[in-house]
Every structure is written in C-alpha cells, then in structure tokens.
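Labels run A, B, C and D following the written order; every chain starts at residue 1.
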Amino acid sequence: MTSAPSTTALDPQTVRGDFPILATRIGDSPLVYLDSGATSQKPQAVIDAEVAFLTGSNAAVHRGAHTLAADATELYEDARAVVAGFVGAEPEQLVWTSGATAGLNLVAYAIGNATLGRGGAEARRFALAPGDEIVVTETEHHANLIPWQELAFRTGAVLRHIPVQDDGMLDLEAAASVIGDRTRVVAFPHVSNVLGIVNPVAELVALARAAGALTVLDACQSAPHLALDLPALDVDLAVFSGHKMLGPYGIGGLYGRSDVLEALPPFLTGGSMITTVTLDEASYLPPPQRFEAGTQPVSQAIGLAAAVRYLDEVGMDAVHAHERLLERRLRDGLRSVDGIRLLGDAPAGVDRVALSAFDVDGVHAHDVGQFLDARGIAVRVGHHCAQPLHRRFGLTASVRASASLFTTEDEIDTFLDAVSGVRGYFGVGR
Amino acid sequence: MSELDSLYQELILDHSKRRVGFGLTDELVGVATSHQHNPICGDDITLRVHVEGDVVRDVTWEGAGCAISQASASMLASLVAEEDGMSRAEASALVEGFREALRSRGTKPLDEEIFSDAAALSGVSRYTARVKCAMLAWVAFEDALARA
Amino acid sequence: MTSAPSTTALDPQTVRGDFPILATRIGDSPLVYLDSGATSQKPQAVIDAEVAFLTGSNAAVHRGAHTLAADATELYEDARAVVAGFVGAEPEQLVWTSGATAGLNLVAYAIGNATLGRGGAEARRFALAPGDEIVVTETEHHANLIPWQELAFRTGAVLRHIPVQDDGMLDLEAAASVIGDRTRVVAFPHVSNVLGIVNPVAELVALARAAGALTVLDACQSAPHLALDLPALDVDLAVFSGHKMLGPYGIGGLYGRSDVLEALPPFLTGGSMITTVTLDEASYLPPPQRFEAGTQPVSQAIGLAAAVRYLDEVGMDAVHAHERLLERRLRDGLRSVDGIRLLGDAPAGVDRVALSAFDVDGVHAHDVGQFLDARGIAVRVGHHCAQPLHRRFGLTASVRASASLFTTEDEIDTFLDAVSGVRGYFGVGR
Amino acid sequence: MSELDSLYQELILDHSKRRVGFGLTDELVGVATSHQHNPICGDDITLRVHVEGDVVRDVTWEGAGCAISQASASMLASLVAEEDGMSRAEASALVEGFREALRSRGTKPLDEEIFSDAAALSGVSRYTARVKCAMLAWVAFEDALARA
C-alpha cells in the first residue's frame, strides 16, 4: 500500500462528490447504482490521470529515447509499482493484462503451451498429461471455468469441481476428496460474483499445496473491497480487473509468484517481449515483459494506479468496514421481504462483500430489474456469467445488488423499499 | 400512465400469466419446432408451428422467461389462432413488421388492426435491452416456419 | 464511411488545434512529434467521447436491463458499426480486440485450436498438418511474425517468408515460388512500419487464393493513413490498432470475412461469448461475440469510434494527399543529407505513407534520437520491432520519422535541418 | 553548456571513439565472459574479465552500440586498468555505486576520485531512457565477475 490504512470511518457522502456520474438522474429519480459488481464507476481522479497523460505525456513506452517517451515510460512503470503494491506484490510480479478474463486465459494457454513443449525444461513442471486433473468450483464465473474446460479438451486433462453447499459455502470436505494426487491446478474465486462470500483461501491453498498443484485465484470481486495481500495468501497466481476497482476498462493484473512467472512460457507474442528475433525463432524477456506482447494499455495502467491510490487514500479497511455495514442492512432487509430467496445465505459471521443475488418468487429477474430501474435503481439481472451456479440453485437468472464504497445506507433502504413492491406490482403473492 | 406501466400494460401482464398456446402439440407431419435461447438472461423458448400446405394452423410453445417474453409468445399464439389460416407469406410479413416496429425505438407503433393484442408490445421498442425478450417467440416462429 | 470523402485539402494548422498535446514544449522548443508510427496523439474529440461516456453513461454492456446499461450497450454497438464502416465492413465482421498484437494472436491461436480439434467440422478447414506452410514476409513487425513461429512450433507447420528487395519492395517473383500447394496461411503487412511502402495486396491475395491459403493483413500502418476498404482488398482477415489511428490504447479491430469468422473456433473464453455453459462444457455465440470474452474495452471502443469519425470528417483522401506531400518532402530532404541511408528507398511513384527509417553513417540511432530530442523533435530509434528486416539491411537499429495528419511542412523542414547537423555534432564525416 | 552537451561531454565522445579495451583477450584460466543485450535498441556487448585469485586484472570487450554505451565500456576498461589490481569486493562496490548514481535521476553524481573518466557519465542519470545504455558494460562486468 502507498499509505497507511486509514483508521477513520468512511463517509460515503464525501466520497460521492468524487464520482461525477452519481449526479445522473434516471427519469425523475436520482441514480442508485447497485451494479458495481459488474463494473465500478470511476472517480474524477482516475479520469483526470488518464486525460493528463493523454494531453501531456502520451508516447509509446519502452521504445523511444525522446522526452515524451521517457516520461511516459516512467509514469507507466510507476503505475506498475503502485498497483503491485496495492496487492502486496513486487513490480516484477505484476503482469498487465487487458482484464481478468485475459489473465485467466493467459495462464491456461501458457500451461497448454508448456504441454506442447514450449518454454523449455523449466516449463515442464506445468505440462499436463491425459488424466491429470484441473479443479475449479461450482461457483465459478465463466471466465474461471471455460478456459480450463478448453485446456482440458486440448490436453486430455480432466476438469473436476468442488461443490457448493445450499448456504453458498464451498464444501471443504468434498474439496479434500476432489483435490488429490492427480490434481495439477486448483482455480477458485476469492469472492464469488453471485454469492459475495469470502472463500477460505488458506484451506484451499493448503489442500492444493499438499497435492503439489498450482493455485490460481480469481480476485476480481475481492480486490475492490478488501485489503489484499496476495503473497500472504500464498497463491501461485491471481487475477483482477481494473474496471471493477474504480479503474479504466481494458486493464487488469496477473500476479504471479516470481518462480512461477519465471518458468511459465509466454502466451501472447509480438513486440516488446523479446530479446532476439530471427525469421525462424525468438527468445523472450523475463517476466513481467515476457507476458506483455504489443503496445500495452498505457493510459489505462496510469488510470488504474490513480484508482488504487484513491482506494488507499480512503483506506481499504475503511472501505471493507463500510461495505460490511451495507451488506448486513442489505441482507437483513431482503430476508424480511416476502417471496425473496437469497442465493448463498451463509451463516452470520462469514466474511463477505456487499453483494446479494436473489430470486423473487413469481417474478422474473428481468422484470424485477425493469421495475427497479423505473425508480432509478440499477441492478444486474441474469445469470451473471455463472450458469452452473444458477443451475445448482434451480434458477436460470437472479437479481443482483452490489454496493460500493460510495453506496449509502439510505440507498440500500430505497432499494429494499422498492423490492418490497415488486410482487404487488406484478400481481403475484398475497 | 407511468413509463413502466406503458411497458407492463394490463394486457401484457395478463397474457404473461394466461400463456395462450402454452404446451406443445405432438410432432406431426407439417409440424416444425424451433428452440431459441437468450444468452443474456438464460431465457429460452421451444415453439412449434403446424403448417398445412401454405396455411399456418397453429402455434404452441413452452419455455421460461420474463413477463415480456411470455406475453409476446402468448400474443403470437393467439394472433395465429385468431387469424385462422394465415399464409406463410402473411406470417413472414407479420414477423418482419413486428421486428421493424420493435427496433424502431418507439417511432413505429404496432398497428392493433394487424397485430391484435400483440400491439400492446409497442412500448417495448423504447427499451432496447428488452427488445430481444419480445422478439424471442417471433424469431422462433420465423425459424420454425422455415423448417416446416 | 460515415461521410462522403472530403474533397477539400487538409489544413494542418486547423487540425493542430484539435490536438491538445501539440502545445507541449520540450525544453525551449515546441514539440515536433514525428513518432505517430509508434503511437498517435489523440484529438480532443476522442478524449471528450471517453470522458462523456465515463461520467454520463458508464455501465456494463450486454448484461443489464437498467437504463445506464442500455445506453452503454447502444453507444458500444454504435461504435462497432462506425469503426466497421470506416474499414468498409459490416458490424458483425468487426471483432474488438485489445490491439493488433492481440488480433494476430487470436487468429494464430484459433487456427491452433482448430488443429487440436476444437470448433467442430466447420473449423477443420483451418487445421494444420505437419509440413503445411505459413508464409510471412521479411518485413514483418514481430507481432505478425512470432505468433506464426509459435503456431508453427505447436503444429509442426513450416514458416516461410517472402524476401524483400534492396529497395524495400517485396520480391513478388520469389513470392510466387514461396506460396504454393502447401501454403495454408499468408500473412503480410499492408504497410511495413519501417519501410512505409504500400504493399501490393492484390498480387499477394491472388497468389494466396490460387494456393487456397488464408490471407491475414496487418493494417496497423495503413488504417491511420489511407481510405481502407477491407472487403474490397479481398483479404480473409485483417487487424488494426486503435492507438495508432488517433484512438485510445487497449482497443483494436479484427476484421474477418463472415464465412471465415463463422467457422473459426474461439480463442479467449469466458463471459459474454457463450450460449449455454455447464460445468463440463460450453457452447459459443456466433461472431463477433464468440471472440469477445469478458468485459470489453467499452469506453475505448467509443473513443475509437470518435477517432474514426474525426478522420472521416477530415476525409481520409485528404489525409493521404497531405501525407504524400510530407512524405516526398521528407524523403527528398533526407536523400540530400550526407551520410544518410534510407531504408526502403523504393522507386518514385510507389504509394507510401509519410514514414521514413534511415541510418546515419557513423552515429548510432540512439544518439541521433537524443540529438533530435534536444531540439524538441520526437522520433523513434531502435529496431521498431522488426529485427529481421534490420538484419536484412545490415543494421541493428535505425531512426524513424513518421508523420501524421497534423504534421506541417515546416516541421519536416525543422527535422531535416536538425538531421543535417547530426554528424557534425558527433564529429563524424567531413 | 547545453543539456545535450552535458550528456555528450567531450570525454564521452572521445571514449566512444577510442574504445579502451576493445578487442577480446583469449580465454584463459581465470577469464570469464558475459554477453549482454539491450532488447530495446538491439545493442549488445561481449565483455571479458581476467581475475587472478582475488585480483581483477583487466577488462576487454567487443560490441556495437550508441556513444553512451561504447564510452561507458571504454571508461570501465580504463578504470580497471588504472586501478591495476582491484579486488573483487572493490569491483562489486564500484558497480553498485555506479548503478546507484545512474538510477538517481541526477541526484547522486559519480565521484571523479573513484570513477575517474566514468564520472563524466553522471549526466546520463537524468535521461532515464539512456541509463540502460550506460549500464550495459557494467552489468556485463558484474556478471562476468560472478562467473570468473
């Protein structure tokens, strides 16, 4: 972190002034943005950082001797250090990606390349043999599921999963029997984007380590909401997306333990990731550059650095504390509305982020969303890129409300009040 | 009438519950089925059309979805039933006209003379994110006709 | 195109007012930006379009029923239509990528996936067998070379190349013998980023078609400078990068003929590109969505649309005509400086863009760049991600000056004047 | 003196042409070689160090590159020659000190007492893009020492 964690509580009213979009009105109503789980809104500081770069220092990085290029390179590498620091990592452990999906594909394809003999002797540890197992969870976002399915198809590996309980908790007993001798990779979310529960990383990492498997953490839904220390979590690799953590679109991070990144063969190839290139072959730079082919999203990296600086100034502990308040109000409120079923209604005391997905008995999620929108309330409806999890709960779609550091308790109340009118409007229940 | 009420008119909510044509008929000669899926919300519909020669006899369907998609399927089935014996060409023209209105962003309302109850879906065209919901059954209809 | 090509000549002074960064001073000198080949500067309209989106309509696209999400989706899909139109294509023929490098990797990996049996029967036409040949040129940017090297390694295919002549022209006679029965892919640049020569697309496409090979065009250096009509060029696939054509970083386009895109298996997998997903397998949407896994660079797509709208307003024919003037002045001027060797000094009359790479006898490119920078002139030095081409000309590095629509003839003269002082300063020659 | 002149001092331009130590010695016992490459500009250097026991005897090198990189290699070779018999520890300290100064963005000049001609490279530290050019030979020196 770039600053000591703030000990003062977060005042959402002050924070709101930093987000220009919050002044928007939807019809006659003020915008109540409860869709931060899909994408976050951006504080002015992030927009300003990008604009300042584009109008004052824009140039290709790592490639020119001219002044603008040198300035741009410095800003860009400073951004890497800042974002790496935000997740507890060293700069060379942070690979820029275009987002979490790209980061997870990078890992899966790099393993596929190792399997095809690329990357030399060091990479052999990643190679998969037919029958080797890749383990994910039943709660996965498609981004942390389909790349592994495709890798399994390409290599003959077998994809297995850790089931989820009715209360949304991962079944750790089952995990202990799913993860075993043949397990080579264990990929799981820090926080599911439907359940909002903070998963037991230590337990899963311990199981994976005991099996000698590589661990891959999807930190998309934790990075914006908790103080993250990825090395302390002891995972091998982790991904996050800038646009979900107050930053720009088109940028994300792949964190990797140094020994893992150093041994992993490249994925995307092209300019800026090579040492010597002939027409027949190329040799590659060490990480992180090895994984950063082509012109990188420079202004977006600088924007993401501004975003995590902003989060650090507010203080991630304060963010989490505020969102815990919201989360309890949200869930308690939803529980008291007739005909609402919460997905992942875990025991009290389980750590979570302020995100709740739910089903309204007799009213389709899409109609609920439309009803809420008419009151200025933006929620997400659908399967949230987690079809298997919805199927597990007997649903095709749900409604998801997800808060952010700028969400107020009043907004949660406005939302709850609206939700309690849904079934009446559509003429179901009572 | 609020904006929301103009989207969810009584007639629409009513059709979404009544679901005219719900329950698939048997697969006979001249019967064709189309399955359509909306990947965004996971909704789907299985729609079956019965054609005799050039005459569209009836439409039946099954599926789960939002009020708009259910009402739209129901209204389509009742329209086909009312028209009793529309030709393939008429059916195609109907789908085309429906599509055009739904994509018009509120500029081309559906004519009640032609579309009967389904004309109540005109309001959907102002909600671009919901156009697919209303179109689902009609796309299935078009597809099934092409197979029948 | 969104507007009829402008018939009026371009006035660079008027254009300059639209680019805020051009007011920058480097030390005591005004900035003379001659590094547009690396990355272009952005007009205010592009910055404004992104900021307006982020502060007024930002939301996840294709995923929500709420008002912001619907607005965002519309803006995003309108952007696709505008950018597709700019290259003569239909919206569904334009896949968003994070840039040209990502686009070329997409194609190479998708072919690799087809080779491994993914994508079913339709995809079999792309599958490579050991001994099949992939043909590139000796002029390739690493982005259009290394992905093919890696694909060759993974599949057992053989990589061959079309040589370049001393004057920078591709050797078409050699091409006719390199491209043959075993050729499955022919990938080449529309304009090399070192030579600036517009390559004979029709001839190369004819050779490839006769061999039944897939054609892949790297349009990075043509898209910002010429009116492009990709379907008329009759290539199967083509890529370009937003940041080189006045647009944002982190966005680019992959154009594909509809039948090709429809048959190609996916590359990146994850959310928003699927129809039905179970824990074991997924089925995929048609193009372009099939190739757009995860949250897309939404604001950047909107920014790129603003960029091509801007280019269309100026008129691509006017841009090309203006840059042709600059190009002649640039090359004539360089030819008259002692000790300068131009790379790719093609016969007069050959169509080109305003880009010249050259060697200064006795002075290293890096030192030339530094000398020019001290006069506010930004050029690129190094191998420009084209090591094999530099080796072909007996060099490891060169200096590259590349102009843009806002470059003036005076700037070219300032540059030429500075270049003529280089050898004297470093005490070589005379 | 203009900014550019402070970067390209006479001494630097002079060394870049004189190239002290240019031409590799034979590979003998106690001789180790390092090859370093700057992927940005394609410059490279092959540097050979001769160590007897704990004593660094000499440095020779070959390679192509910009004036800064050539001068830096030349200055390093002449420094080792002048010191005539520096220890490994002294050599390591030199490299460390050089690196620190070069990365200081102009805040820590190189001491002429210690670095001799190479002190003229202080100005490079304000040009972050050129630091690698000046470091190339020194990194090679460090690497070769570790192998010798």
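We take it that a contact is a pair of C-beta atoms (placed from the backbone, for glycine too) under 8 Å apart; a residue touches a chain by one contact, two chains touch by 3 or more.
All values reported here derive from a predicted model rather than from experimental measurement.
Looking at A-B and B-C side by side, the one with more C-beta contacts is A-B. Centre-to-centre separation of chain C and chain D, using mean CA positions: 38 Å.
Note: centroid distance chain B to chain C, computed from Cα atoms, is 45 Å. Rounded to whole angstrom units, the spacing between the C-alpha centres of chain A and chain C is 31.
Residue positions of chain D with contacts to 2 or more other chains are 40, 127, 130.
Within chain C, contacts with two or more other chains are made by residues 27, 63-65, 69, 274, 276, 366, 370, 381-382, 387. Taken together, the touching pairs give a contact graph of some other shape, not a line, ring, star or complete one.
By the document's touch criterion, interfaces exist between A-B, A-C, A-D, B-C, C-D. Listed in rising order, the residues of chain B touching chain C in the complex are 37, 39-40, 127-130.
Residues 2-4, 7-8, 13, 17, 40-44, 64-68, 127, 130, 133 of chain D are the ones touching chain C in the complex.
On the side of chain C, the complex with chain D involves touching residues 27, 363-367, 370-371, 374, 381-383, 387, 390, 396-397, 425-427. On the chain C side of its complex with chain A, the touching residues are 20-21, 24, 26-27, 31, 33, 35, 38-39, 41-42, 47, 50-51, 54-56, 58-60, 63-69, 98-102, 104-105, 109, 113, 116-118, 136, 138, 141-143, 145-147, 149-150, 153-154, 159, 161, 241, 243, 248-251, 266-272, 274, 276-282, 293-300, 366, 369-370, 372-373, 377-382, 385, 387-388, 391.
Put simply, chain A touches chain D in their complex at residues 62-65, 69-70, 73-74, 274-276, 285.
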